[in-house]
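Starting off with a structure, shown below.
In order of appearance the chains are A, B, C and D, and numbering begins at 1 in each one.
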Amino acid sequence: MTRKRLIHAINDALVEEMERDERVILIGEDVGASIFGDTRGLLARFGPDRVRDMPISEALMSGMAVGASAAGYRVVCHLMYANFIYTAFDAIANQAARLRLMTNGQIRLPVVFMAAGGGGRSNAGQHSDYPHMPVASLGGVYVATPSCSADAKGLLKTAIRTDDPVFFLQPTSRGGEMGDIPDGEHIVPLVSAKVLRSGDDVTIVAVGAMVRVASRAAEALAEDGISVEIVDPRTSYPLDQDTIIGSVRKTGRLVIVDEARSAGSIANQVAALVAEKAFSSLKAPIVPVTTRDLAIAYAPPLEKAMIPDADRVVDAVRMTLREIAP
Amino acid sequence: MTRKRLIHAINDALVEEMERDERVILIGEDVGASIFGDTRGLLARFGPDRVRDMPISEALMSGMAVGASAAGYRVVCHLMYANFIYTAFDAIANQAARLRLMTNGQIRLPVVFMAAGGGGRSNAGQHSDYPHMPVASLGGVYVATPSCSADAKGLLKTAIRTDDPVFFLQPTSRGGEMGDIPDGEHIVPLVSAKVLRSGDDVTIVAVGAMVRVASRAAEALAEDGISVEIVDPRTSYPLDQDTIIGSVRKTGRLVIVDEARSAGSIANQVAALVAEKAFSSLKAPIVPVTTRDLAIAYAPPLEKAMIPDADRVVDAVRMTLREIAP
Amino acid sequence: MIPNSTAAGSLDLLRTMLTIRKAEERLAGDFKAGLLPGPVHLYIGQEAVATGVCAQLDDCDWITSTHRGHGHFLAKGGDPKAMFAEIYGRSTGICGGFGGSMHVADVSKGILGANGIVGGGVALAAGAALAAQLDGEGHVGVCFFGDGAAAQGVLGEALNIAALWKLPLILVCENNGFSEFSPSSSVIAGDIFRRAEPYGIQSVRIDGNDIEAVAEAAGAAVERARNGGGCTLIEALTYRIHGHVEGENAFLKTRYREDEEVDSWRLKDPISRYGRLLEERGDIAVGKLSELEESIGKMINDAADAVADDPYPDSASLDRHELGAS
Amino acid sequence: MIPNSTAAGSLDLLRTMLTIRKAEERLAGDFKAGLLPGPVHLYIGQEAVATGVCAQLDDCDWITSTHRGHGHFLAKGGDPKAMFAEIYGRSTGICGGFGGSMHVADVSKGILGANGIVGGGVALAAGAALAAQLDGEGHVGVCFFGDGAAAQGVLGEALNIAALWKLPLILVCENNGFSEFSPSSSVIAGDIFRRAEPYGIQSVRIDGNDIEAVAEAAGAAVERARNGGGCTLIEALTYRIHGHVEGENAFLKTRYREDEEVDSWRLKDPISRYGRLLEERGDIAVGKLSELEESIGKMINDAADAVADDPYPDSASLDRHELGAS
């Protein structure tokens, strides 16, 4: 095990995959200078052919990533802040997500769109989205949402090796936390949720930075004798349905924690899944803990009030426990 | 009452609102020639100052709509096929949806983005999306999804008078059906669902073109003595929660029909709402009837297999009825 | 020296143009007869552009195309039979019936596909050109796009990157006078080919109905690109003899061009013009043109007939395009 | 004749530049002291551009700005106190603490806001220019954007529409040599001002550190726009003395420019340069510049101090920005 910040785990994944396969290339704005640190050192190591600083042209960049991957490369397209995926959206939505079907599989696209999402540092309304669901809505793009260093590394390595598009949404706008990473080759498959903590009374499904929030809540609840199971989907889309359903079948109660806006939150997807496929196990209403349907506000107290915290999760869990089984 | 095709109801709404308020302007590609018929005659009637044929520049067009509405106009921005909202997405997502909050309400945006969504005519993978949820995910844009001529007219009139952005998603790529429209001024408020058909056994929430599909299913089921209530949200976002919840409280069973892809479907939003707020009334799993998570395929049998039809809705209803209350 | 200026080369050009023409005429008839499930945009009158450009390319060069893409497909070596089957929506189609007219692609021939998003091919071609540059084997990326598409900002973004990175990219603008129903002059300011100049990119405007002019300009551009000289923008002036989309008169209520204009362009038909020239030069025998017309017409009709009743794809075939299916 | 070339006008220009400079210096200090919740991008060295341009405008003219927007805000008449309060995240801020540094806006002054999306202001300004054109009262829309932003395709889209519609739009490119940490030459091909030429739009490159040159060019452009002469693109060459974002050395591991380069630009400082000129000309008394510096510095510090401890916004104030709240 090595202890590293999440952002450095991403760097390791990029280095290893670029070493492993010379057809892996990286494009993005200032990936050379590396604002977040995730692409640091790559330009020096792999040279300007494979590591390309792009002009500020997201629409072109995402489309070029599609074109270059259709033409045989494995492209990592770094979009910096996740809000810029909207600027890049056309080629992701109208091309990347559907060329496979439209060409009957002649075109497969090994392309990873990566970006840092989430609020918490007063980056304000245009730099704090966590837009996993708008991408999920396209149906043809995996959405990987690591919550820790090990998963970030393992998921990114898998994403780069996958022959379909992946949106890799890193919870690093708040910096990225420390975490243990297994030594040697470390791979995490897509569509495999992780049960982070085992429990009997209630399931919390949490994604990205909210996994840590959920864990804090679970610890607080444990002191009151409430046993929480935490499931981290790790891939927001498609969902590892079995793991989520399995957990709810055991606990009968479900809270979902996501820092995306309510209307664009995985809480809807997960709740719908469970209300369809594990309904008979449910003992209480499914309670979402999400960000309200607004852009993130700048002032620290406002931002703090918007993004889910452990207190809100604790309250939500208590609420599901108060409800009597119907 | 006057009987009209939905597309002509839209035309009426545009004419009436442009007559009523000279600050209403319309921009879009070939709105003069009018491919769908919804903007027919407007150029001749209101002149090229207020009715503007745009070049193919969706990113600019949506941003200009924001700018012109910030500067005092009521802008209708016609995006033609709904897939082109992805091309126009940046200004909708990063500007329109959030300028109100970011400026503390100094900027309000009376702008309507309109487009025709849905499959059914072999327009294939890039011309058949029904992307209401990607827009809903932004949180700052109303999403109006009329299902019939009267609602199309009434909702569009309201949308044009609203001081916040509205995405008006017309189910007209299949042509637009006939329907009765009340004579005289006809207005439908946003966020007001309609109970189209009253029933006791199961609630069907259906949007857009799927309302007709749901109605056909309800009629077939009625022959077997199954009493279906149909709720048309009319505004996909925000939802009229009370009407939906009220209906489910009555029937205890819920099927949701949407031609959007499952991952980008209102089925998730509605199911989550009900699983949170009407859980104790639910007698059976919530069953979604949606399009699978793929771009719409071209070949007619494939397309037909993908888009929900009355048979699939009937099956879904029967499934919820088979389930025993837990 | 004009590439392909041998007599054999000339005959090939003539054959290819006739192949496209006959295929399009067949489709026009099929559309009228109600045999096509979806819309078709015909290339009649523009054949010299695709033919003259693609004659300079081989299977390892990439092209991206438009909604009006049959000509590019055939000129680049796509199989007519597989194209007809696709447009008929059959499982034997080049895209298995999944894509249809707006998405015909054959990756084995370097055809990354027709594209329903206007301007969508620009970034894809730039990405393919990047791939070609990285491959280092002298291949190129070619983007066909319309005058209307020139209004999409991604063109400027591509010119910028192509200049900076000296991409082996050839941008071929087919200026056929219209963007749907808008005359170019109403949606395009200035001369399209001049838009390359500020970027330091070579550009030229040519008579797109003169196949030798096309071949010459394309030959020079391709040679430059293959040799590290970077990008060229070619604006080919031409005209679409058919409407924007077959059947448009059914929905257009006003005319957007005069019959005389169309007639005047019929006189400049690229095929009969080239046929006459070759006859005059003695490169082909007098009467050869009509002989070819007949034989190619028959070949095309046989190809279409052969697949017209092929089976539709099975709806189970949708499964193979879901994420996770391999 | 240079607009504002009276002695009083000159003094105003000097005052405005000093106001911006002192405000930015205060913010630099505040950032270092850890007093700012979010990131700030300072305008030090570029003051002549905002000042010279905005001196030609009145409150009914619209501007859109960038992430580096404090200078534009102040030059266009925004209140320093309200700006500081905003950047401190206080409820007394010009946007109530909702927007922060990257979103300062004052619609009453025609300031549609700073913008966190690079290139985001271009379309907004074009839309505002359309509104101004429809108003018919001789107002204009002005877009400030950076050299990096010139790579966004929307610029070409705006040039096209501005030429076609003769929009009263002034596009002011502040070429400060960098796009984040990329030197312009690595992300921008050719001369930015020349990009207007193919559209038939007037353009000029000027010394952006020479306020009289700026005022002259802007004056001519504004006059042309007010009189129906359409759009102008001005490229102002300048330099940002501070980093891209305050505190960047904490995360950058490599240097992207030499100290000597920065020093050489300090010698071209637009404020001392103009002060010296005015002294030489006798428009101001010798010593006046340092006197002004002091008094304005005090005024700015007083303004900042006055709001530094204002209350944060209440989280209940979020309610008023939800759809449906009025």
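We adopt the following convention: contacts are C-beta pairs under 8 Å (C-beta built on N, C-alpha and C of every residue); 3 or more make two chains touch, one makes a residue touch a chain.
Computed from a prediction, not measured in an experiment: that's the story for all the values here.
Highest C-beta contact pair count among chain pairs: A-B.
Ranking every chain by how far its Cα centroid lies from the centroid of chain A, the top place goes to C. Centres computed as Cα averages put chain C at a distance of 45 Å from chain D. Mean C-alpha position of chain A lies 36 Å from that of chain D. Chain B and chain D, compared by their mean Cα positions, are separated by 40 Å. Within chain C, residues 95, 97-99, 103, 115-117, 120, 151-154, 157, 160, 164, 186-188, 321, 323 each touch two or more of the remaining chains. Of all residues in chain A, those touching 2 or more other chains are 54-55, 57, 59-60, 83, 87, 90, 94, 101-102, 124-126, 139-140, 238, 292-294, 297-298, listed in ascending order.
Residues 29-30, 32-37, 40, 53-60, 83-84, 87, 121-127, 292-294, 297-302, 305-306 of chain B are the ones that touch chain C when the two sit in their complex. Chain C meets chain B in the complex at residues 37-39, 86, 89-91, 95, 97-103, 115-120, 148-149, 151-153, 179-182, 186-188, 251-254, 256, 312-313, 315, 317-318, 321-323. Chain A meets chain C in the complex at residues 25, 49-50, 52, 54-55, 57, 59-73, 75, 90-91, 94-95, 99-107, 139-142, 164, 191, 238. The part of chain B that touches chain A in the complex is made up of residues 59, 83, 86-87, 89-90, 92-94, 97-98, 101-102, 124-126, 131, 133-134, 136-140, 237-238, 260-264, 267-269, 271-272, 274-277, 279-280, 282, 284-288, 292-295, 297-298, 323, 326. On the chain C side of its complex with chain D, the touching residues are 151-157, 159-160, 163-164, 186-191, 194-195, 197-201.
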